[in-house]
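Two complexes are shown next, each including chain A; its partner changes from chain B in the first to chain C in the second.
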Partner chain A sequence: MNTIALDPAEHHVKRLPGDLAIWFFILAEMVAFAVFFSSYAFARAKNVEMFNLYQQTLDRNLGALNTLLLITGSWFVVLAVQAAHRDDQKSISRNILFGFLCGGGFLTVKVIEYAAKFGAGISLSTNTFYMFYISLTFFHFMHVILGMVILAVLWKQSRDGAYGAHNAHGLESGAAYWHMVDLLWIVLFPLVYVMR
Partner chain B sequence: MQYKSQAVAKPYFIAAIGLFVGQILFGLIMGLQYVLGDFLFPAIPFNVARMVHTNLLIVWLLFGFMGGAYFLIPEESETELFSPKLALIMFWIFLVAGAATIVGYLAVPYATLAELTGNNIIETMGREFLEQPLPTKVGIVAVALVFLFNITMTVLKGKKTAISLVLLIGLWGLAVFYLFSFYNPANVVLDKFFWWWTVHLWVEGVWELILGSFLAFVLIKTTGVDREVIEKWLYVIVTLTLISGIIGTGHHYFWIGTPEYWQWWGSIFSALEPIPFFAMTVFAFNMVNRRRREHPNKAAVLWALGTGVMAFLGAGVWGFLHTLAPVNYYTHGTQITAAHGHMAFYGAYAMVNLMIISYAMPILRGRAANSNRSQVLEMWSFWLMTVSIVFITLFLTAAGILQVWLQRVSDTPLPFMVAQDKIALFYWMREWAGVAFLIGLIVYITSFFVSGEEKAS
Partner chain C sequence: MINTLKNPANRAWIVLMIATGITWYLGEIGAAGTAAIVAMLLIAFVKGRLVILDFMELRAAPLMWRVLLEGWLILVSSLILIAYWISLK
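On to the complex of A and B.
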């Protein structure tokens, strides 16, 4: 997930980017979503036609746009971590800010999408497909918000000069979490919006 | 003892153990009533015995939590308790109120008790686990608030650590969620819905934070592993608990009249609830394996490891057994639930209290650890009680599986009481396992009175 080129000097040392605790946390989050995705697959298998029918009501273009926003956001965060390894202070906070803005874009698009669905009277109790659509995207939505809170903290800290070539630990931890938010969407989008 | 004011924990621990004995005695009475329905009738009917058994459990655990907090917080905050006097006053109020409530349950019919205690002012009684009369409920809130004030002020004036922060969140959560016991809407669906906010969000939410912080504290003290490492684990455990436990409440919303999506939400999130308990087990063993010192209190370390394993088995594994909606459709309200309840409460909350008592009591009595003889006896009681609860759980699980089959799955389902008669053998075996548990408890209490060469503090 985190494909940052290490400093030549660091090449020999295998090092976990970020804190071990954040990786436990990420693992737990991914397990939670994995159970959710499996439940979706299980429920869909029992009623493929209904799932296919209502899947067509989802706006795939907005979903694709959001995929683009999150991937771009992740790219900026990668650039921020690389900048930290180069000790390029200005670039760290700038790229974190861009990552944050991509998250904001995602939320905006999602709200537009939700407004259309809720406006049409769709709720958790409409049918099983919509139950999964709303639940999965909403839980993911909350994770984007948490990710943005983390990015905001990192942005503030980076402006105070907290990160650099020898001190990228916290930044890497936050970046890893942000990549997870991205990764989850990359599974969620095809699963719920696209796959027939 | 590092701080003089930690001494207020002692009466709390003693009361906790005393009430624990009461809980077990009433457990044995109702265990016998399962097979000899008339036993002690009409003096102590089954429903009263059950109420006393469960209420004593809650009250002794609360005594343990409060005692534990009074011991832990000054040491973590590196300062004396804000007001030891207040802590002692609250102890007596809580003890007298608790005892009066139990006497009330036993002395008069429940309906009369409700009339006598002003249940008509706010109707809060008659709901499982929250049966306490209004004055007791108000008393619990008052005691809890004063207690929270006392320890929060202590933390505020002293050092703030991750352990004391997590403990404070857990204890504040405990008080806040108890407030839902006052909310009793006429709509029975809403009633049940919010009833679980106390019951579930206690044991599968904020109490786990209390458990985690007690465990972390004792592990720091007994293993000498860096605080930084232990605190990181604590954060991970807390996060896992909250991710799974909060929406996991949904596993109680399958069949009470709530929307269908709760069957998915409840199943999915509660299926994850074993993970924080598993993390606690790994945490405890990992820290003990990496220990940098040999603490003389071997018994406390045994309880710490034990609570990790038994909480995982009882709360995690036995909870998972019947947490998925399609399974729960058959098992709801059977002996499977009772099996889970027994091992989970013992493994998670009885044992963590016994752990903090085991660690703190010798220190409160002026030594680092009890004599070897005393510790050996305490370890015997650990094994007697733990093995007994394993058997109680296994027998109840067997009874539950048979009950589900005879009463709900079979082509010719039997009425409830007929099915109960057919599984009586397992109730007898459970009762004997309960007797063994009581023996374990007697051995435990005896260990406090055994002298021998003590380890200096």
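On to the complex of A and C.
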């Protein structure tokens, strides 16, 4: 371990952004999703033809568009954290807002996708593939909503001048959660929409 | 332009957008089977790693946290790969 650099202001000190607690929370969420992802993959192994058939009914374009939205939303929130580190107040709240709007775009696209599926009479009990598709994407959908609630709080606090070069902890914690939502979708999209 | 690319988050964003396009394209051409699955898992791994290192900013974090998150990515990819390999038998 590095015992030379004791000054926390020095850049080369190993440092975990945000609060330690949020990282344990993120890890717990990721373990839950790892179980869901592998359950999907192993359930598919028993039912390859059915999964391949119904996967073709999913809208890959909307899935890819949502990937782009979450990646861009994540990127804006990184820019917000970077702005906090250089005390650029206006840029912090503006970038959080852009990140929030990307989340809103994701939810809108997802609702359009769900409307088409539910409109076609598809439900959790239609078959195993749709059971996984609906529950996995809906569980993730809830995480996007929670991420957006966090971003809304961060936006309000950044407007009140809560974050800056010496106080970015809360912002970094919320940002880490938002990036997790992105990370999970990066695995979910190819797995459920594309891989066959 | 050069300054923009000095920011690792900006570079990561560009790669993530392009990689998403490649996965989408593989879907469009109906890529299937072992090679396609391995390619898509590799792309997801590279993307996930960029999010972990450049968005979550774990590149400069204590090694344990990098190992935990990157390890998650390797674990999930491996489990998916095993399940798909079983399905191909």
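Just so we're on the same page, the second predicted complex is superposed on the first by the 187 of 196 C-alpha atoms of A that agree within 3 Å, B and C clash if a C-alpha of one lies under 4 Å from a C-alpha of the other, contacts with A are read in each partner's own complex, and residues count from 1 in each chain.
Here is the rule we use: a residue touches a chain if its C-beta (ideal position, glycine included) is under 8 Å from a C-beta of that chain, and two chains touch if they have at least 3 such contacts.
These figures come from a predicted structure and were not determined experimentally.
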| item | value |
| --- | --- |
| Which superposed partner A:Leu124 touches (first chain B, second chain C, both, neither) | first |
| Contacts of A:Val153 with chain B and chain C, given as first, second, both or neither | neither |
| Touched partner set for A:Ser135, first chain B, second chain C, both or neither | first |
| First, second, both or neither for A:Glu29, with chain B first and chain C second | first |
| First (chain B), second (chain C), both or neither touched by A:Ala116 | neither |
| Dominant contact partner of chain A by residue count, chain C or chain B | C |
| Which of chain B and chain C A:Ala21 touches, first, second, both or neither | first |
| Touched partner set for A:Thr67, first chain B, second chain C, both or neither | second |
| Those residues of chain A which chain B touches in one complex and chain C touches in the other | 31 |
| Residues of chain A touching chain C in the complex | 12, 14-17, 23, 27, 30-31, 33-34, 37-38, 41-42, 44-45, 48, 52, 60-61, 64, 67-68, 71-72, 74-75, 77-79, 81-82, 172, 175-176, 179-180, 182-183, 186-187, 189-191, 193-196 |
| Complex interface listing, chain C residues touching chain A | 7, 9-10, 12-13, 16-17, 20-21, 23-24, 26-28, 32, 36-37, 40-41, 43-44, 47-48, 51-52, 54-58, 60-63, 65, 68-69, 72-73, 75-77, 79-80, 82-84, 86-87 |
| For the chain B and chain A complex, residues of the former touching the latter | 232-233, 235-236, 239-240, 243-244, 259-261, 264-265, 267-269, 271-272, 275, 279 |
| Of chain A, residues touching chain B in the complex | 19-21, 24-25, 28-29, 31-32, 35-36, 39, 43, 124-125, 131-132, 135 |
